[in-house]
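Okay, got some structures for you below.
Two complexes follow with subunit A in common, the first pairing it with subunit B and the second with subunit C.
== the complex of A and B ==
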């Protein structure tokens, strides 16, 4: 058994890695093929199996007679996702600290109900929100604008931030807050000087969730914009035509997933920082 | 300036933590608050720190209402049972944290830091994070942070309970030395262990179910427990208590056991009483037959749980003395060490002289 286990472990890791990495390799090779290269049967090795061509990549950035430049939507997606994530993280962290540490009462409604109210926003199917959002942005004159999308995305991401951060703050012993107050911190200083510096792992997780959900949203990006503003997921889908352009779709899929991979590598070290509170 | 706690009640979510507690604490010295878990010790300390607002009652000092002052302006120090330090700060920054909040100058801060780190032997660890220290060192950092502030009140909530035995003994002695070194600071030390109260000396407050059972000098509480509850809480193992009948020059336990009436019971009217004897004062001997129900060896003492004809008794004796379960032994109950409590009120009726 003792010898079987390491072998089993390596086998599982290899299989799982292949399962995860294979689609990327597939997309990568496809993105360097021409139409004939894609339809002419499975080929994998450049220069041997097929003649690589950068046409798909050039086409995505307006070159090679292509009809689209994906750089604009990429930048818009970046701005919308990051702005909405930052706003959600700031508001969500403050709200979560309040919900975790202070008692609120409005008739029969208490902290638990408030927390559930936030989380329940994500239980609702997004389609329910499409018409209200459309009308509200219309009244504000913010349809088809970056600002309008940021507002809507904050509404979508805030519950995630609150949910993750309430859970995180609940794992920090209250005695830490109490000690800070005894040491002369007002409630806000307690939050700012003691709790926040010890919340980096929670903030990272909440931030990643916000960025992933914001970056990948298609539904609202699609329903609330027309011609002036276009986000990356919508731009990618609009590449599709009567003949599916697998080469450009593969290239754009890689572009769209790249920022998330970069973030994942960057923040990974924060994700397994041990528990807080000085206990061993 | 003494601290006057009057009729303090703390209720949280239907649970009563303090139940009309009234108490006067001196302005300096060590006061040990002793009680079992859930007796209200932590709640009492948190009210003193300003962390819990009581539902009713008052806390004043020299006529000033302390309840109006929030925790961050109350100027107390507190050490918890868990080792609470700021995980993101080094030991140095942990200790100087309260001083910075107060806007103390760098030079003054450095002087205080040096004093307190030498006092507690932390000089070697100043640049480490709390997580890199052992439990005992972490608790010393927490104590250092409380001491460095020079507060008038220092609260300690079972600070040694999470430490191993050896360290506990060592820190206990250090604590007593430090607490008694200053004569303008009130130290309130909460514990479940009578031994700690005896070692800390000073005043004792026995707490049970959110009320004060007895308050007084530690020697007084030990030698004259106000009632059976105080006798149980302030003795470890708890004092043995039996229903007994006093009269005809005898103390009668159950149908078969009668012992001669000791001199200090002579003035008691005849009748039913609860008679108590400390575990450490019953001895193996020849008077009363007993069966060993359980035998524990605790370091240097042996604790026997015995079934007597009229109840069960815990007997503690020095030395390692193994006994088999079920073994028949005989014991002596020295009557001159008997306590008598009233059956109804459970208050002390007579105590042995000269403890």
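== the complex of A and C ==
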């Protein structure tokens, strides 16, 4: 009886891993195939089942007669996502600290309402926001620019940062702030010298959410850009034509997932750290 | 070092209907420079509220806090130069023990060399000198609590050290050790020390003056001996002493004091004859005497608790109240009849919870 649980656990993990990894393997093999390799029924093993070709990969970087270079959109996506995430994280962390530690009151509106106001931005369907964003960026002359996209993405990511960080700060005992103030810190020094150094796990989680949502956004990248600026998700979709180029789509999908996988490896160790409460 | 004066200080939360709900009723209190004080009372009696108002973490709804005669009621926590140690040890988890102790000095932009000198001095005093480079978050609760204390001691501008039940989470063995260390340090440095606790032994051993609180009010301020011998409030008699004071309904009539229909002493109570009084007497001052001794109380044995060095004998008066006696070695069968003698000089008479003067004799 005691052995049932470990066996069950391993079985489930193996099955789940296969479920998660299989699409990646599928994309990987497909990306090295030509049109013949894809249409001739399922094949898996290179050199035996099919003849591998790097044509799809070369095509993505302007080589092999391909008409696009994915490096540009990749870099744009990088710049937009990172800038927007950093701005959101800085503003969001400051806002969250305020919402967690100080009481605000304007008539019947209190801290809880303010926090909900931030979070509620994510409840709205993106379509509702598309037209206002389009018009406002138009007035500012920022349509089809990196700067315009950064502004829009900050609006999208800030609620996530605030939400995650308010929750995180609420897990840090208030006594830590009080002690810092008793030791002679101003409220800002308390935040900067005591609370922030202990907030790395929260910042990591908030940062990851910002990067994932920013990196994967297609809708606003699509509606707010035309020709000058192109982000990666839009570039990938535009590869499509009357004959679906599965090989290029697979290769580009892998490229777009790669940065997230790299990040996941680096920050994994922070994710299992619980709260830092001193009450154990 | 400083003298702290609380002037008509009170704190109330407003109820729904707008009437104030006092956590701390307006009171006046002075903590002299260099004195050691204990705030003693059950949970929720306003002790911590008072402490947080003094340190500035809480703004009082009325009254003023004076430090050395200066009104500090509206100033920020950092400006008051107060050290406070909380019930749960607080260390800065991201810093080493050394940096924890140095932090208050760093906040004051003190030079590295001076910081180093003071941190080492305090670390030695608290026996933390061997673990200075360890991360503070990995220490035991008592070591953490020493660090909290050290952060207060490392500064020389501290007006007062406030401690809010600092030994609650500490092992009983270490508690004893830490308590002695605290007393030692406060005696040596002459800090003004205010110590909040609900443990009477802690209050009695640490403080020169004990402030007993009840329901947001001060019940009595006095030395441990005064509180033990002359409680001015039945709450103090109940809260101080182990076991606590006995309280028996008593009536004063024609120069006699009667408990449960039996005369226990002759005497007069200020305010004249009354039959709704309460007689308080410590278990230490009740003796078990042979039956038929004059002025003794007839009772039935209800329980003997042997605590090793002494016994607590509980007896019931008729069908009425219970009376506890501290005895040396008493043997008996539950239910057996016995006689108790209450020492008249230790009888304290209360009316509505407050002490009233009475002349009592055998």
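Methods note: the second predicted complex is superposed on the first by the 280 of 280 C-alpha atoms of A that agree within 3 Å, B and C clash if a C-alpha of one lies under 4 Å from a C-alpha of the other, contacts with A are read in each partner's own complex, and residues count from 1 in each chain.
As a working rule, a residue touches a chain if its C-beta (ideal position, glycine included) is under 8 Å from a C-beta of that chain, and two chains touch if they have at least 3 such contacts.
In this text, all values refer to a predicted model and were calculated from it rather than measured experimentally.
Superposition note: with subunit A as the common reference, subunit B and subunit C are in steric clash.
Of the two partner chains, neither subunit B nor subunit C is touched by A:114. When both complexes are overlaid on chain A, the residue A:267 reaches neither subunit B nor subunit C. Once the two complexes are overlaid on the shared chain, A:182 sits against subunit B and subunit C alike.
Once chain A of one complex is fitted onto chain A of the other, the partner contacts of A:79 are absent, as it touches neither subunit B nor subunit C.
Comparing the two interfaces of subunit A, the one with subunit B and the one with subunit C have residues 173, 175-176, 178-186, 189, 194, 197-198, 276, 278-279 in common. Residues 55-57, 76-78, 81-84, 86, 88-95, 103-104, 107-108, 137, 144, 148, 151, 155 of subunit C are the ones touching subunit A in the complex.
Interface residues of subunit A facing subunit C in the complex, by the touch rule stated above, are 173, 175-176, 178-186, 189, 193-194, 197-198, 276, 278-279.
Interface of subunit A with subunit B (complex): residues 173, 175-176, 178-186, 189, 194, 197-198, 274, 276-280.
In the complex of the two chains, the subunit B residues touching subunit A come out as 46, 49-51, 70-74, 76-78, 80, 82-88, 97-98, 101-102, 130-131, 134-135, 138, 142, 145, 149.
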